[in-house]
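One chain, chain A, links the two complexes that follow: it is found with chain B in the first and with chain C in the second.
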Partner chain A sequence: MNSLTSRMNTLGTHALTCLAAMAVVVIVTSYVTPRPVPETDLSIKSVKTFQVSWRERNDQAALIFNFQTDLRPLMDWNVFGIYASVVVDYETDLYEKNEIVIWDSVITKKQKALIKKSADFAKYLFKDYGHDLRGKELSLRLKYVIMPFVGAMQAYEIASNKTFTMPRNYTS
Partner chain B sequence: MESLGEYWKRFKTSSNQSVVLQVVNLGLLLSGALVAYKILSFITQAESPIVVVLSESMEPTIRRGDLLFLSNYKEPYTTGDIVVYLIPGREVPIVHRVVKVHDNETDSDPQILTKGDNNFADDIQLYEGRRWLTRDLIIGKAYLIVPYAGMLTIWLNDYPPLKFALLGSMSLFALLTD
Partner chain C sequence: MDLKGQQRSERYFVILMTAVTAVAFLAGYVVQDLRISMAVFTGGVVVGFIVSMPNWPIYKVDPLVWAKAEPPVSEHSDATSETSSTTAKTPRKKAPVSGTPMKLRSRG
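Up next is the complex of A and B:
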């Protein structure tokens, strides 16, 4: 009845039950507490180069953008990291939905969660599927995925009210 | 306190009937685990609803040894999703993040580009001649990361003797104890 193995078994299952109950409480609290919406300013300032790529023969541009956001209030005790990305959206004859990430970062430290970029190069080249970028209107979104220590990942987004129209001609 | 030797003594003296019962119990336990896995697979529509990550290309989001829970519903993909895909001819599936999507509302056939959070370049080189990732190559989308919970399977794969030792001792224990 009171053998060592049975004691260890009881202790082990009790510890596991407690841990599981704690995890559930943590998950519930992080769903119940409202997340603040970070103040964001996001716009494309200009196009540095705009060409047809030599190899794939599709439109590509180097964008210069302004981006400011403060994700620090989102970094609470159950957040181990935030995947933040700037997404360009536009429509072409070929595809209704075109989503392209031009900047992204995985933020794991609170000090790094304040982002200020003015007239900075986008991290990635902006490449179209085909040849449809000339004169196209682009809209922008900040998307961020909150990655908790315990619980499922949650994705949020903030649409920028500023749009940008691509030039009518390629730069040489 | 009962030692293992006493368990063994009891096992040797026990009747054939109880040995059979123990074997059946062990089988029941194993098939129960299999049923649970298959039910999860059915609910999430993913052929492998749980995978262990072996690479470090998604650090710091996903570390080697993390356990991923996947779902594979017919929903549109969007940037920021973490997907697992398998290129035909390759053995190991890849876990990376979606950074580009071209898609239509009707007749959805998304053209996807992925990239590892820890890699500098996108995945075109990994697609073996394809320009885009398509739905048929995707095994699932990650919705839950359990840190390091898959470390045991990595050790078991790296040191095969450990696998037999663990399986052997577990079956032995299940058979001997009641």
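Up next is the complex of A and C:
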């Protein structure tokens, strides 16, 4: 503490210690605070096209879905962003568990955390590895990962209680 | 900056930073925005550096008091005993007076 640079070193170290202490308190606060579960309405309405892609020779469908959720109550002070994705689950003879993402988004602003889509196209084509999609029953899930400023990322998911059965035949 | 001034400047910074950290956390929590916390904290750090880093006059009010210099011991007083015998133990210099403060470098 006898010279200017020595004082700068001491004071800067102490300031960083205070910052770390504040970060720890913030982590504890957001860990203790209960997170609300967003109200979600998620269902597949219809299939626009359903065919075999000529290149990969697999089933693919363009889905039309209803999707409403309000992620705004999740955006508290320690949330940098939310990665939300809609996942389709189904079962085939070859693979027991199939998860296909048909929509996703990175939400960093509170104004964009209210999502309302009615009878809208899914963001991505719904593709299967083979030819197993005809007449399959699909269930849907909303997955969201909360990315905080400080602390660990947390993943949650909400299952939709509505299912959808794929048509028996391809559309032309 | 003298010794007491160093102690005081550090104490001021610690008190200020504790208060600023608490205020920054509460402000961010009330507004629900972590950027407010960081702004308040950064402002507090800048103020703390301005308060206790430069060598302000308030840190120079207790200067270190030095002991007075002793008169130099002359070489002629014990020159005869030095030439007569090498075994005679005669102190060439006087031992320092007890109670002399340690010489600290004091910059600024």
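Here is the rule we go by: the second predicted complex is superposed on the first by the 171 of 172 C-alpha atoms of A that agree within 3 Å, B and C clash if a C-alpha of one lies under 4 Å from a C-alpha of the other, contacts with A are read in each partner's own complex, and residues count from 1 in each chain.
Going forward, a residue touches a chain if its C-beta (ideal position, glycine included) is under 8 Å from a C-beta of that chain, and two chains touch if they have at least 3 such contacts.
Please read all numbers here as calculations on a predicted model, not as lab measurements.
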Three-chain arrangement built on chain A, chain B and chain C clash or fit: fit
Chain C, chain A and chain B - angle at the middle CA centre, rounded to the nearest 10 degrees: 40
Touched partner set for A:Thr108, first chain B, second chain C, both or neither: first
Chain B versus chain C as contact partner of A:Tyr95, first or second or both or neither: first
First, second, both or neither for A:Ser3, with chain B first and chain C second: both
Which superposed partner A:Asn78 touches (first chain B, second chain C, both, neither): second
Which of chain B and chain C A:Val87 touches, first, second, both or neither: first
Touched partner set for A:Met153, first chain B, second chain C, both or neither: first
Residues of chain A touched, compared between chain B and chain C (which is higher): B
Which of chain B and chain C A:Leu11 touches, first, second, both or neither: second
Partner chain in contact with A:Leu19 - chain B first, chain C second, else both or neither: second
Closest approach of chain C to chain B (Cα atoms, Å): 5
Shared contact residues on chain A - chain B and chain C: 3-4, 149
Residue numbers on chain B that touch chain A, as the complex places them: 1-2, 60-61, 76, 78-80, 82, 97, 99-105, 111, 117, 131, 142-145, 147, 177
Touch list for chain A against partner chain B, complex: 3-5, 56, 81, 83, 85, 87, 94-101, 104, 106, 108, 124, 129, 143, 145, 147, 149, 151-153, 155
Chain C-facing residues of chain A, complex: 1-4, 7-8, 10-11, 14-15, 18-19, 21-22, 25-26, 29, 76-78, 149-150
Residues of chain C defined as touching chain A within the complex: 1, 6-7, 9-10, 13-14, 17-18, 20-21, 24-25, 28-29, 31-34, 37, 41, 45, 48-49, 52-55, 104-108
